[in-house]
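Pasting a structure below so you can have a look.
Order of writing sets the chain letters: A, B, C, D and E. Residues in each chain are counted from 1.
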Amino acid sequence: MAPIPPTAHGKGRASLPAMDRIGVVDTMFARVDMGAQARDELADCPGHGHTFEVVSRTVPGIKDLAVECKKLIEDDGCRIVVALGMPGKEPIDQVCAHEASLGIMNARLATNTHILEVFVHESEEERAGDLVPICINRARKHARNAYWLLYEPQQLSRRAGQGVRQGYADAGPIAG
Amino acid sequence: MAPIPPTAHGKGRASLPAMDRIGVVDTMFARVDMGAQARDELADCPGHGHTFEVVSRTVPGIKDLAVECKKLIEDDGCRIVVALGMPGKEPIDQVCAHEASLGIMNARLATNTHILEVFVHESEEERAGDLVPICINRARKHARNAYWLLYEPQQLSRRAGQGVRQGYADAGPIAG
Amino acid sequence: MAPIPPTAHGKGRASLPAMDRIGVVDTMFARVDMGAQARDELADCPGHGHTFEVVSRTVPGIKDLAVECKKLIEDDGCRIVVALGMPGKEPIDQVCAHEASLGIMNARLATNTHILEVFVHESEEERAGDLVPICINRARKHARNAYWLLYEPQQLSRRAGQGVRQGYADAGPIAG
Amino acid sequence: MAPIPPTAHGKGRASLPAMDRIGVVDTMFARVDMGAQARDELADCPGHGHTFEVVSRTVPGIKDLAVECKKLIEDDGCRIVVALGMPGKEPIDQVCAHEASLGIMNARLATNTHILEVFVHESEEERAGDLVPICINRARKHARNAYWLLYEPQQLSRRAGQGVRQGYADAGPIAG
Amino acid sequence: MAPIPPTAHGKGRASLPAMDRIGVVDTMFARVDMGAQARDELADCPGHGHTFEVVSRTVPGIKDLAVECKKLIEDDGCRIVVALGMPGKEPIDQVCAHEASLGIMNARLATNTHILEVFVHESEEERAGDLVPICINRARKHARNAYWLLYEPQQLSRRAGQGVRQGYADAGPIAG
């Protein structure tokens, strides 16, 4: 048996974590390190290192995200997870993204736990370089959303119906 | 640990609620405050504040609705939920709406509980302003449907096959 | 608490029903009263009112059918259910119908119980009036199929591979 | 209560079957009797009537296959099932076939049991008569696959990556 | 009863395996023996035959992969599985691949276990011969990913967001 920390891949939790855990899962396939952005944003949130800690995993591609999120919740005690990926630009990549999203949806429902899906499609911009600020913005805003869902839900409810966006500027509310 | 009310996000219900609960979940992404409309309609229903109370949540986007509905039912004791969202107008938004709807479908089946899905697609109207009356009408009619499903199912059965619509005028029955 | 019959919406069955139950669920959205046709056909089947009784429900639209079918089976003891709906003619209606069908599929699998899906798409005919005989024929034939599945499965097996249709004339077997 | 054999539709198995069971489920909708072909092929397999027996069911259409397969496995003790159907040639039929296949997929996973899906699409050939040999070949080869999965898995492993087809001639391996 | 090894197809594990198990499942349908490539790569990984052994299965086609993966995990104790297949080039083959992938997704979530999906679409290259190096590369890289996920997760995390590909050359990270 290779030396793997038992909390990481073992079934069942040996003991309750000393503080809350927020999971961050990203992929080798993505072409921007979105996981680092999410972790950096969470490090700026109140209680980081005291109220909550961050647990990170990397999987090969977006189809592998869902089960890793579920394991982080069920085996490692994460109370919420941020899942980041970058679907490619071919038609088959859109099918993969759809399958990945359905998996994440089922992981949420199976665990009664929020998973913030942060996907940036390579097809969103023509120039690859233009994807970078979108990745940064979307990863950070959804990391903040994860924090809010756990600790400040009123931040969400006061923005209900306000056309809030991640990755781009807010669309804003429609005048009646 | 941040001060979160235990009934809102804790696992398991400490005690049975004193009255029935109807859940309302909306999103920050939507550009019209449909949740407020649903709550307002429910406030007009008989027994509001006596027979039933309304519990509200806001999530980032439509893909986050399903698990929040399931948590409202399983953790907070809601007997029915109204889930409101506004998918955007890009093709990818239609895929997201489909995933969100499949999640809501699975949440219904996992809980044996009705969830009224109130989606207004930005693509339904060319002028954004024209979406507002649709949002208001659809949110209110489905909030009323939620009430009927719980307390007056005969209101539904007497309208069976009558071409009833939400958001627009009724299509009406087809003459045989 | 409003006066709801406990067998209709309560969780768990107080006692076993005195006779078999066949469920019929339809929608307010449909523009033809297909549920009435299904009930009428079942009233013509042997044993109606003695061997089996019919339990009916109406829900707002086709996405609400699956969970109501599951509740009829699990909470009200139905041994089979006929689910009737009429998807609209817009592209989004086809997506809704697909979601509704996937929900019904999952309800079947979760309960190990047949649910006869009776969908008449508004797009099947150009003239609305031409939909009426299709609705009547399809609702009645599938109601009869429900009866056969429970009580006369040999009626089905002797028609295996015979190109049997509901709503239209049978296609018939292909000559080898 | 009508006289139904309890092993056919009752919940739970009264006793373990005396020999293995292989299920065959087909539809009234199909226009070729593929179930008969599958049963005939299984009758040619070693151990038929001694090691294993065949249990058959007919359902209305392809969407009804999945739950009948699951019932054959869970209620009637079948160790593998062959599910046969013929989707029609309209676009809506392709959606139905997709839903039917997803149901069969979930039935496999819920039971940890192989279900051999034998679908012949009416659109595979222009002339209806040309479908008959495809139906015969595909039904028989998959019935044989079912037998191999249970009793001779080495027949499958020695053909790994060999471009084996059912219904048509084998595509064969690609020269490297 | 035919002589089947009980660990291969029996329900439940008689005893814990002496070492870890990695599953490899491939198909008769594929036109390149990708399973052999995966097994060969795993044979090059540290601990092969000591820390872990490889268990192989072949199924007819890609839709049969998911349940075989789930059985390998639940009945045979595999801690991770590599699932290999080659969808054909017709439109219906893309639907089948989508269904196969959704099944594999559900198998992952049901078992909390990673399953590396290795699909090479016949449509990826015009010349069949050009598929062979893609099959070899993708099968080997994902077999290595399986090994890493179990024993060297830091190999994955240090490649996060680096545009790693299987089958083709890496896309690499995007310059910010």
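Methods note: contacts are C-beta pairs under 8 Å (C-beta built on N, C-alpha and C of every residue); 3 or more make two chains touch, one makes a residue touch a chain.
Since the model is a prediction, treat every value here as computed from it, not as a measurement.
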Contact-graph distance - origin chain A, target chain D
2
Would you kindly state whether over half or under half of the residue numbers at the chain A/chain E interface are used by both copies, giving same or different?
different
Indicate the whole-number Å distance between the mean C-alpha point of chain C and the mean C-alpha point of chain D.
25
Cα-centroid distance, chain B relative to chain E, in whole angstrom:
41
Multi-partner residues of chain A (each touching 2 or more other chains):
102, 106
Of all residues in chain E, which touch chain A in the complex?
20, 47, 51, 94, 97-98, 101-102, 104-106, 108-109, 112-117, 121, 142, 145, 149-153, 156-157, 159-166, 171-176
Chain B contact footprint on chain C (complex, rising order)
1-2, 4, 8-9, 11, 26-36, 56-60, 63-64, 66-68, 70-71, 74-75, 92, 95-96, 99-100, 102-103, 106-107, 110, 128-129, 131-132
